[in-house]
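Order as written gives the chain letters A, B, C and D; numbering starts at 1 within each chain.
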């Protein structure tokens, strides 16, 4: 029952909140209630169910990594819902917003709990298309553009996805997601199928080179929507990868190297691109791409084998958990500086700082712990070139810090309100702060095996007392913060853009758009030509009409008929008929 | 022949209409109509009773005045004749009903044209006689009776076009009759008998027979307006009054076909070749396509219908090649004969119903509009939905869409074509159907088209419309007694038989 | 087998009699007419339900009537037929309601409803016909009874469209006729399911049977709107919305598609059709039509025309599914019969609602219409997503089976076709959805929508919502017993079990 | 050459002349006369066949037939003439034009 409620409640909430008269409070609470089953499932292990009547016979079941992500998702949707409830209370289109919000929520929960291909794909699509409504919520031209690009990319992704699923299901002979990785491992075309899935889900994840929609779409949505987009929906793609990847079962060297290098490219490149931005939300979006790149790396390692899926996937999930909560905190935080006044601002800055640290892997945060998990596995893999990975990872920590301190700087330029009040939605934000990445260390979600693997039965506290690790995590952050501070302090170093981003958000999408527009014009011309050709290429009936409706045709047939009516002609016919019949009768 | 059971029905079937026709001449305008209608009803009833008699007793004969053939006249009704008589009666009675109201409506401008009734009854008598005759010369006489009364009916309106067309018709009819009679003379000269049944046994192949066959066939082709001798039909049929057109097109032309069929099957078997059948088939095929195309090109309703008759008669001619067997095939092994015969019979009957309905509807439209240019049919559906429906249904039957009689005919024809392996006729049937659909739906298209200001529909008695509709429905209903009908016909000697040519020679023929 | 039951006949009569009676009524007798219509529709649905229940109990319903000689009129209830009949009947009921609302105060309603009923008679007749001849009879009957509906508006354009419609359908019918007779001559009266007849003849008459197959296929392809015989469908869109909805989404076009299914599965048999390479030809044409229809649809601004080209494209899914041998593709094809029907009818209803309520016929006029007609456009959106093949709408299920089946059969190119079609579908449907929901309406919403009033007439609104929900439900509950999918799967499995 | 052969030949020639006349001439009256010539040929042939090998006397049947035939032919001719006259009265036409 709870499995269905997980999906049904958000849907109901979507419909209900959409019809709630404007000005009435409580839609936030509705969404909180709607997340309760998901949270329950995230915290408590419930045995899976099979719904034979649903779609193509659905299975609902959670494994550890997905449970972790479900918990993250539940938390984020609950807080974001609460946040949105008051944040958007004066918005003219709040009803619509809540509708898409609830639908996307249902999709997000659904895809996490489903264990078979059809329902997974269903909820994935539901989430994807519902969040379109969130992206274009503001209806500004930039939001529309972002939405358009988002949609096109989403459809391209879906097409790759469905192809990969067709092939995967055919290869596995089963609709169960759990059967797919082993099947791909055995299938000679496994790599190809996985590659299709990699592209399909890569769109959602924002993997290089499919990420360009993300810096446009995520910031375009209202703050709470951006929070869930970047905090949890982006993870749906990751979950998809985890479903397909035969982690620990295969040794796909080249695939592994490709994925890892894509991940590192994203981790570093996106951070650098993000630095050129002036909008805090765009900045965060690039940070998301960068962080997803880190997770991609982890997955890529898994494809080389050697590390059991039972360890690696929960680790990725935990990393995602930490990143998700923190990123959501920061995204929602972008709405705060303009509204929070007085002493509340201290709390706000503290919260934002914690969020930044959590992502960068600062001491005492979940970020440190999850990054440590990552490092452990990086150290264990035998993938060629693994030696440089740690260095790259450290570099990425520096760049991330740089990026996020730049984010804080951008926020600090927002003028504080004159009043000393905090808006209502400050409360859920604070709540989220407490529901943050620390939980990645809690036994409630941390699998014992993983813990044992990492800390070698010394326990989590031992890890934290290991100052060396802490220090190791500390200096890149310090380095990043210092660089930022110095560049801001000294004018000759301060080359940060202020009004216009140095590079347009979405970077090379603009080249694509430019080329694409030219191409589209050509294509349109071509199509128009084709269309007019098709139109002029008349069906057989038109040709017939032309003949039958023509004046000449009727004249000709009339004169032929009048010839046949002439007595003398009939006489000739008579004669001919007579002769031929005579000939035949001989 | 004389050993068959005798019955007075054959004589009555010819005599009663003549009697009534003569009787009606003694009455005035009103009385004639009354007598005419009553006579029609009586004759129909009589026909039906006679058919019942045939179903009960099989072929019955009547020897007029007790004078045995060859000098005496022997009338016989075999199942084939019975079916034709039945068709004539059923379609005839509807046309009579229609004519009754039609002439009443037109009394004001034409004086009710009382001549119609005696002429029609004479025609009926002639047709009945034609179907009943078992004698080549009698057939000539009945043909002439039919021809003259038909022409007289055709010129009834007295309009110039009708008169010219009528003269053309008459001259063609006389030419045809004379050619036929010349053939009869040749036959008589070589055999000394005119009795059809006897001739079938004694006729020998030879030059005389061949010549006789040639002139008889050509003469009858002229009379039934087979291509390329259809020159008289469209003007005559389109210029006549509506009930007359219906009679001419639905019934009269079938008379010549009946004789042709009978003679080919029962008399000239010895002299025919496979190739000759093909030639007739080609004439039929050309008629189908040419007639349909011409109908499609016409702009006045009655001309469309008249040209359509040319095409529909072409289908009848297309039966002949199937009936003449290729060398080495016997009647027993030729399983397509029965379908071919059924096709012919159904084509005759369904065309009679459908074409009568079509012409009667055309008459209604002329009554309502004062002319029959088809552009004026716009919004016919809105103004006269019964007539529109009648045209639609009759058209559907002509096209041969299921489950109409036309469908049955085309189905059987195609079946025969395929079974006999003469697949080359199939495209003709198809093209014919399509072109027929072309003109039928050209009418319907206009019927549904938006009205223009200039044409106003005058009210027309509903009863006229209903008669036309009933005939159209009839062309569908005739499918249902098919089982019975075919069984009935199979008891006739000629039905289902084919011609096994025995003559030597001819590279297409048998050797 | 020879037990005759009157029930199949009753199913036909339940719409035939109202049709004829309505034709005899007067235009003003609205109440009686409506009663007859609804009575017929409800009676038909319940009869089919009754028969269906009986069929599940294992009873057989056959009705024989010898037309003449060896021509036997035969109605027989089998699963595939019932499936199609149920679709027609249910959608007829819905569409009748819709039509009553749509045509309120219109002209010639008597004629409309009469022929509408006759149409449904023909389409259920096609569904229930037990042999090729009966199928052909109803196939032609359908052509004729649709014509008055196509030209219903009586405008010059409508009449011209009717002309084209007839040329195509009569032409197709004639070719079909030739094929039917030929088949009859060669193989005797074939009852559906007797594939062994052809199988035993194919070695003796390969050429003849091949020619006949393609004659029959051509005849059917006209109604199934397979390129290049699709030309009548877009022009027929001048008909009123209920006609386009029921006839050009369900009854007429499906008759063609259903005929193809019958031809391949129940007359020639998949084995023969595959062995003789008929299916490759069919697949090629179907695939081309899918793409062609979609590309044409992209350029239509006229709402209904776009839907029409989409129909052209979507119908060929069925043909494509038939053409790729395999249980999965067959399931996809058969279930798409129903799925496409309910989705497309929803779209046509929606288009009709918009046109009827606001007079908008072009897509470019639809800015913000979703705000004004949320239910209508909501249903439309569901259907559009289904057409694209997005879950959980019905269209996804068909596409899933088609794609999976194609992969299974090794016809990877079919997957590409499906993908291309999905992309194109998205390209021409999403802009409508986008306009409807994400554009600002041109008028103040409040001015047009007073609170407490429905967005459109109730009779227009209920059908679209019902079919919209149906198309959602068909997808969501696809796996449950009694869903279209489960029935289609059963049919397909039975079909291949025989091989 | 036997007598009856001469008769027969003549009848055939008459028939051909008649039928040619019907088709070639346009004038109403000429056409009607042509049909009469055809008729004459036919009747002559009947009469010629009355003398046949098997019979020692003239066969009476053809004569009866010819008489009947003549009656019919006369009736037709009369009717045709009447029609031609009516047409002439109404229009002044005395021959078929080619385009009608």
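Annotations
In this text, contacts are C-beta pairs under 8 Å (C-beta built on N, C-alpha and C of every residue); 3 or more make two chains touch, one makes a residue touch a chain.
Just so we're clear, the structure is a prediction, and the values are computed from it rather than from any experiment.
Of all chains in the assembly, those touching chain A and also chain D are B. Each chain gets a centre from the mean of its Cα atoms; for chain C and chain D, those two points are 67 Å apart. Measuring from the averaged C-alpha position of chain B to that of chain D gives a distance of 26 Å.
One inter-chain figure worth recording: chain A and chain C are separated by 37 Å, centre to centre, where each centre is the mean of the chain's CA atoms. For this pair, chain A with chain B, the centres built from the Cα atoms lie 79 Å apart. Residues of chain C in contact with at least two other chains: 167.
Of all residues in chain A, those touching 2 or more other chains are 565-567, 570, 574, listed in ascending order.
Counting only residues that touch two or more partner chains, chain B has 235, 438. Chain pairs recorded as touching, per the definition above, are A-B, A-C, A-D, B-C, B-D.
Across the interface of their complex, chain A is touched by residues 164, 167-168, 228, 231-232, 295-296, 298-299, 385, 389-392, 396-397, 400, 403-404, 406-408, 415, 419, 422-423, 426, 430, 437-438, 440, 475-481, 485 of chain C.
Residue ranges on chain A touching chain C, taken from their complex, read 51-58, 96, 118, 121-122, 125-126, 129, 133, 136, 139, 144, 147, 151, 155-156, 158-159, 162-163, 166-167, 169-170, 527-528, 530-531, 534, 539-541, 544.
Against chain A, the residues of chain D that register as touching in their complex are 19-20, 22-26, 31, 96, 98-100. Interface residues of chain B, counted against chain A in their complex, comprise 210, 213-214, 217-218, 221-222, 228-231, 235, 271-273, 275-276, 278-279, 283, 293-294, 296-297, 438, 503, 505-506, 508-509. Only residues 562, 565-568, 570-572, 574 of chain A touch chain D when the two sit together in their complex.
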